[in-house]
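One chain, chain A, links the two complexes that follow: it is found with chain B in the first and with chain C in the second.
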Partner chain A sequence: MNPMLEIQLIAAVTAAACAVPGVFLVLRKMALISDAISHSILPGIVIGFFITHDLASPWLIILAAFSGIITVVLVEMIQKTGLVKEDTAIGLVFPALFSIGVILIAQNANDVHLDVDAVLLGDLAFAPFDRWMVDGSDWGPKGLWIISIILLISLALLVAFYKELKLSTFDLGLSSALGFSPVLIHYGLMSVASVTTVAAFDAVGAILVVALMIAPAATAYLLTVDLKRMLLLSVLFGIASAIGGYWMARLLDASISGSITTVLGLLFLTVYLLAPNKGLIAVLFRQSRQRIEVSLLTFLLHLNNHDSLEERRVAHLQEHINWHRVRANSVLDLAVKNNMIIIEDEVVSLTDKGLEFTERALDYIMTNKDEKIEDMKDDFFLFRG
Partner chain B sequence: MELTDFFTNYTLRTITLGTAVLGAICGMLGSFAVLRKQSLLGDAISHAALPGIAIAFLITSAKDSNILLLGALVSGLIGVFWIRGIITKTHLKTDTALGLILSLFFGFGMLLLTYIQKQPNANQAGLDKYLFGQAATLVESDVRLMLIVTGISLIILLLFWKEFKLLLFDKNYALTLGFNTRFIDGLISFLIVLAIVIGLQTVGVVLMSAMLLAPAAAARQWTNSLGVMVGLAAIFGACSGVFGTAISASQPGLSTGPVIVLVAAVFVTVSFIFSPERGILFKQLRLIRNRRELELKKTLYFMYDIVRKHEDVSRPHAIRILNNFQGFTKNTLSQLAEKDWITIQGQNWSMTSTGFETAANLYNKNLPEP
Partner chain C sequence: MMSEKIAVAVDDLTVAYNYKPVLWDIDLSIPEGVLMAIVGPNGAGKSTLIKSILGIIDPIAGSVKIYGKPYSKQRDQVAYVPQKGSVDWDFPTTALDVVMMGTYGALGWIKRPGSKQKKQSLEALEKVGMLAFKNRQISQLSGGQQQRIFLARALVQNAAIYFMDEPFQGVDATTEIAIINILKELRKAGKTVIVVHHDLQTVPEYFDWVTFLNVKHIATGPVKDIFNDDNLTKTYGINYKVAVQQ
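Up next is the complex of A and B:
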């Protein structure tokens, strides 16, 4: 294999490996724990390196992952004292541990083949040079093997404990009542996240691991609420951005991991704006439609309440309801288009259809079933707001 | 390095003053972040500021730190607004929004930084310092800027003190009183962003959040008053700045940022353990003392049960009849005697009338607190 292909392969597998635990972190509202872990494994990696003198050694990965778990325990300990809130606890623990790591690197700069840039960015470009040799034959880059094994393990765990994970994520109470230990599942997930973070750290650096974990999952979450589909989508997004990021980096001659994150960011931005149901534009559109339809209903109710001719004159209504002219016009337009009202000689009156709609809506409001109005709109409206 | 260097060495004096001022402003504004449960917002903002620095450099190709910081301010604010947008308009939760903005902006910033480094013309050497902070690069004009920003924030803080306080502890009440909560909310967020941006050069993007959090979290342990907390946090922050600078100046190869953060972490640890009201140590001591008190009263009540069956309350009993009850030792007996609840004569004990009374009323909740 040529190095170009190998780098893309490593990036893609790393992205996939990060996306799997990332989905559960996002769903369990623990996204920031991944930030904490990715920072605080640094001292673990440095100390592990002092002991093993090999950045790709499995022992180093286990040691560093262990320091990730220590972070989680520390955060929970501080939280349990009740002295500060959870987010403050996270914010206190990881900068301290990260600082220790940075200082250790700086103090031993000559012994450690780590520098601060590598910590933040990783060195994906050099990953293919560290090869796994068995009896003189070349088995490919070490990094690829490590991250592939981790991906396989976490996939195996995912398949084996899928229903337990799903249940404890969405209904913690029920899952503990059924006898699945929440502590065990929590720490299991944390361990997988830690190990993945350590392995990915080597490739993409401390902070970008967070992006690989959270961004694909968050993007997928905007598109679906089905767990299986969300897992699949986030793995796909991860892989696509990894490969897209690689080519962007080549184009700009800039950091690969920075480019991957940027592609992830663009992907998220696009979905954030355009997602069919939960995207910003869809939400804003729905909100404005809702606003005008609520106004319409208010208007119809008002008409229904006031029978006398005098009170149904356009001029009087304008004064009475006191809406802005533009809004008043669009409400009137909508009502006329839907045959809810007719305007004769500057007097507004409800049509039969308008009357029926209004009375049924009133019924629903009186019986506290406001949400049913939404269904009713489909039957009555030819045009939506 | 000698101690006198602080007073004679001009550069060191500037740097120390700078980090002290920075610590003070971060502590002050950090108090609000901590109390508003927005501790990690600072982390997100500081990371989000990075692309702003890079873009400002790309546009102006100047190394003037004021322009770069302006870029940082703009991109930090964009980050804040985007986080708000994600939280209010989608079903993604706060933690996801923070993590997203933090990592995506930072990644984009790193992309730009590496891109800048490859540019042939760029006099870019200075941009790296924004990652971990280089207090050594502080010059007098930077410190002056810090002082100005601190002064302005202090004035705004004093002017809007009661509004901030109200918003902090009872937002709904503030709303009903007719305060423009959105404006006050925006103002305090803006000040926090400002403090973060000012600190980037000294402490760096990665560790800035700790600078904001740690002094405030430490100060919170010593007081329940907002004013005192803000003041204490400012002092803790300033001390972390000064000590951190001193330690990092005394050894080659120590970035200032991490050292300051570690000093601040020491403040936090000490506060967590030794604060008299909330600290772990005194809490534990109080717990032990209460437990002992309870044991003592249990023993007393056991004795009362024995005594009650006799007409003469102060009739002596042998100590060994207490044997089937585990809750007594020589020590507890002497303590009971000290409180004048019992008297001990040789191998016998007898209950005094005060002891009898206390025991009789032990479970009576209607008595006034002593």
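Up next is the complex of A and C:
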């Protein structure tokens, strides 16, 4: 395999491995914890490196993951005192652990093949150089093997404990009452997140691993209301950003990990703007439609309540309901277009259809019963909840 | 009539948050087959009592028995409806899926729900009048509908004892009546139903037993015997005569 392909493969598998725990971190509103873990595994990595002298040793991964778990425990201990809130506790713990790692590196800079830049940003471009040799034959980059094994383990755990993860994420109380210990599941998830972070760390660094965990999940969350689909989309977004980022880095001659994160950010921004239901543009459009429709209903109710010619003159309506000309005109247009009113000699009257609509809408407002408006829902945003 | 079997026995239960007692030395026996309200002011420890019976909160002292055995051995006898506000209704899932969660306990670890569990869940949805909404995303449901989903999830557990934390909170009048009718049916079927309740006015109409709680246990018994000014005053600290006689 050529190094180009290997780098893309490592990036894609890393992104997929991060996306899986990332979905649950986002749903549990624990995105910040992944930031904390990614920084505080540093002392674990450094100490592990002193002992094993091998950045790809499984012991190093376990040791580093252990310091990730310690972070979670420390955060919870500080939080339990009730003196500070969770975000403050996180902000206290991880810089402390991270700085220990930084000092350890600086102290031993001469004999450690680790530098702070690589720790923060990773060095994906060099990943293909560290190869796994068995009896003189080349089995490919070590990093790819490690992250692939971690991805497989985390997928196996996901399949086995999908129901437990879902339940304890949605409803902690019931999970506990049914005997699915939320503490056990929590630490299981934190262990997977820590191990994944350690393995991804080597490729993308401490800062960007957070983006790989959170951004794909946050993007998928905007597009689906189904947990399985959210997991699938997150993995796909992660992989697409990894490969897209690689090519962007080549094109711009820039850092690979930086480019991947940029693509993740752009992807999120695009979905945030354009998502069909939850997207910003869809929401704004819906709100403006609703405003006009509320006005229309107000207007129809007014017509329904007032029979006299004087009350129904177009000019009079504008000053009477106190609307600006533009708004009054757009409401009148909408009503005419839907055959709810007719305008004759500047006098507005309800049509049969308008009358029926008004009465049904009134019915709905009074009873708040959904079935009253089932068939009106297609025409009007207002009644879509 | 009601049997003399004790469904839930709470002994010397004390619970504290950060060393501040929330429940203090609670002794409580709930006979099988009652529909019981737990009433008390805000902060009286009503939810905490339920949560510590169900092992969600660890007490600092005391014990709880469900039909004579610890709760951890009797999980299949008990169904639980948490407060509606305790979960995130924006969670990506459907009404049917939430009801299916009620079957997880009987399944145990790792095993997945199958067609049998789905059938049970659909039946429960029908019982609470929510079958038409089975594929609706849960954030698209009204407060009353969400509460019905929670009730359906408890029904699917097919337990002997039901614990419900404020099932009437934030629901419309129609839903409230629908829920209380289902609870009364459960009692008729011999189940024990224990409800954290806020509205004192409806206690005599909805329930046959009541527990007064305010950090300490004040009284437990049939509504007709103990739902009186004396106990209300002891629990709420002010004279409730006027409010209740309306």
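Points to keep in mind about this one:
The definition used in the following text is that the second predicted complex is superposed on the first by the 369 of 385 C-alpha atoms of A that agree within 3 Å, B and C clash if a C-alpha of one lies under 4 Å from a C-alpha of the other, contacts with A are read in each partner's own complex, and residues count from 1 in each chain.
Methods note: a residue touches a chain if its C-beta (ideal position, glycine included) is under 8 Å from a C-beta of that chain, and two chains touch if they have at least 3 such contacts.
No experiment lies behind these values; they were computed from the predicted model shown.
Taking chain A as the reference, the larger set of touched residues comes from B, when chain B and chain C are compared.
Touch criterion met: A:179 reaches chain C, while chain B stays clear of it. With both structures placed on the common chain, the touch criterion links A:169 to chain C but leaves chain B unconnected.
In the superposition on chain A, A:262 makes contact with chain B only, not with chain C.
Of the two partner chains, neither chain B nor chain C is touched by A:158. By the touch criterion stated above, A:236 is placed in contact with neither chain B nor chain C.
Contact with chain B, but none with chain C, is seen for A:211 once the two complexes are overlaid on the shared chain. By the touch criterion defined above, A:280 lies against chain B but remains apart from chain C after alignment on the C-alpha atoms of chain A.
When the shared chain is aligned, chain B and chain C each come close enough to touch A:221. Shared contact residues of chain A, touching chain B in one structure and chain C in the other: 29, 81, 221. Taken together, the chain A residues at the contact with chain C in this complex read 27, 29, 81-82, 160-164, 166-167, 169-174, 176-180, 221, 224-227, 229-230, 368, 385. Listing the residues of chain A that touch chain B in their complex gives 26, 29-32, 34-35, 39, 78, 81, 83-85, 87-88, 90-92, 95-96, 98-100, 102-103, 106-107, 109, 116, 120-121, 207-208, 210-211, 213-215, 217-218, 221-222, 249, 252-255, 257-262, 264-265, 268, 272, 278-280, 283-284.
Those residues of chain C lying in contact with chain A across their complex are 18, 51, 54-56, 72, 75, 78, 80, 82, 86-88, 91-94, 98, 101, 104-105, 107, 109-110, 112-113, 137, 139-140, 153, 172. By the touch criterion given at the top, residues 34, 37-40, 42-43, 47, 85-86, 89-93, 95-96, 98-100, 102-115, 118, 131-132, 206-207, 209-210, 213-214, 217, 220-221, 253-255, 257-259, 261-262, 265, 268, 272, 278, 280 of chain B touch chain A in their complex.
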